[in-house]
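Going by the order they are written in, the chains are A, B and C; count residues from 1 in each one.
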Amino acid sequence: MAATGFPYNKDKLLYFVDLAGTFLFAIEGATAAVYGGLDLLGMLVLAFATALGGGTIRDVLIGDVPTASLRNWRYPATAFAGGLIVFGAHHVFQTLPPMILLVLDAAALSLFAVAGTEKTLDFGLHPLIAVMMGTLTAIGGGTIAALLLAQVPRVLNADFYGSAAIAGSVVLILCRKAGMPRGWAAFAGGVACFALRCCALAFHWNLPHVD
Amino acid sequence: MAATGFPYNKDKLLYFVDLAGTFLFAIEGATAAVYGGLDLLGMLVLAFATALGGGTIRDVLIGDVPTASLRNWRYPATAFAGGLIVFGAHHVFQTLPPMILLVLDAAALSLFAVAGTEKTLDFGLHPLIAVMMGTLTAIGGGTIAALLLAQVPRVLNADFYGSAAIAGSVVLILCRKAGMPRGWAAFAGGVACFALRCCALAFHWNLPHVD
Amino acid sequence: MAATGFPYNKDKLLYFVDLAGTFLFAIEGATAAVYGGLDLLGMLVLAFATALGGGTIRDVLIGDVPTASLRNWRYPATAFAGGLIVFGAHHVFQTLPPMILLVLDAAALSLFAVAGTEKTLDFGLHPLIAVMMGTLTAIGGGTIAALLLAQVPRVLNADFYGSAAIAGSVVLILCRKAGMPRGWAAFAGGVACFALRCCALAFHWNLPHVD
């Protein structure tokens, strides 16, 4: 998740969107915990790890500690709320059409990739590092969740998911280099990530393997 | 483990207790390494990870680096001593009644939960974060050890272990809010964690799962 | 990998050797990704993790953030180049005599152990911590790669690999204590690690297990 400290720049809409993405990723993490046979504590841990793990590791690596996910208690509270809702109403999520969740997930992926890239650039690091940190923000949480379930993270061996985050991050940086204002560059990066991820879902894209 | 920097406040008893908890968790980690088929180096790594991993991650997240576990060499030395003792006398631990080790473990769990909560409050972070960091201090090391053995951490899917740490941490914070002096609040939190954990052992408590 | 910030002391040769070690470890990580069934993104992630993961965790623990691996983009770029080369020419590496790769790996292991030990001493930490961080620099990356493949890290249960790193680090520190100049102490430590690792390969050394 992003946990970018949006509240401090008073942009209420962005802050709300950030918490919404956190909430969605938390629901996905807690659902994975259910399928992995974890108990209530395990569900809360996976909700937090999935929603906020990527942004937390990013903050540790770039040196922004205490991490944003610990400075504002609303982020972990949102993640735990997502975990508790899955605990109380797991069957509700099973009745939703999967495509709705996948499209919402693509939106959260785009948001986190963009937020992670922007924060890293704000810290004065190289664009290559910003792409790495944007991607880490977007896919790091799901990777930690998989490790806690003793599984190989799916993002590393199938699908076209992290690649969409990379592409969105690259688009953001290229748009900034081309002189586009920050807000529009972020918007373009997010749209690129979202569109690519939706295409990947529609056309069952996968990255190549060495055979 | 805690590694809270106790030596610097000159409280010799607390420091000794802290090292004793580190030593016990190290013995548990090295024993898990034996059952996991690891060699001597693996035993030392798991002794360190189990005893000091939780406190180390806490320190990294809240920004206290170099971590307490690296600033005072007696902490890792204690952990490695625990690992070496298991290497040299693994059979001795097998002859102990399991209940003794479980009760000692409950004591170390309580100590680490309380120490982690106190340190996080001292860093000025929110009580919710202090509960999270207290729990991380108590159960983080065992979680890392499980990951290194490619196993799902047992604390996430069975038993009533992390929950006792959470409860102890919450009790500490409530007692402080009620105006109790620091020392007594910490004592109350530790006793709550220890009592709950012992009840869980006696009555085979488990957290609920989603079915 | 090391990522010790060598470029800043203008020692071109050491910098080149550092990047060469990064490149080699990246090739090993990407090759492990191929055998683990990962896709192109997984190969790049494992190339980075194997080559730079140990040094990155060391920097986080001792408090040198943003980590050296993120401050100088040439380190991750070198790691990704190694990953891409395996993607494009995996079959070439299969035709090489394994012993060549193993001896090169022993050289990189020695370099990383020495660099990690030196950096930790420069940060004013205790010699025991310097040995731990030197070893972490040398074997941490491969350990993370194994976790991402949901495997028990081989360094923890077989072979004589991390032990060679420990020995090299200890030799470096003893030589310094004996008054040897920095450069010669580092050289002695590196030679000790390399020689021990090559002996381990020649004579199939293993660390003892508890039976």
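Going forward, a residue touches a chain if its C-beta (ideal position, glycine included) is under 8 Å from a C-beta of that chain, and two chains touch if they have at least 3 such contacts.
Note that the structure is predicted; figures quoted are calculated from it, not measured.
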Touching both chain A and chain B (chains): C
Chain copies touching (chain B, chain C) - same or different residues, decided at half shared: different
Chain B-chain C separation of Cα centroids, rounded to whole Å: 30
Chain B residues counted as touching two or more neighbouring chains: 60, 65, 147, 150
Residue numbers on chain C that touch chain B, as the complex places them: 60-63, 65, 123, 125-126, 128-129, 132-133, 143, 147, 150-153, 155-158, 162-163, 166, 206-210
Chain C residues within the chain A interface of the complex: 33-34, 36-43, 45-46, 48, 56, 60, 65-67, 70-71, 73, 76-77, 86-87, 90, 147-150
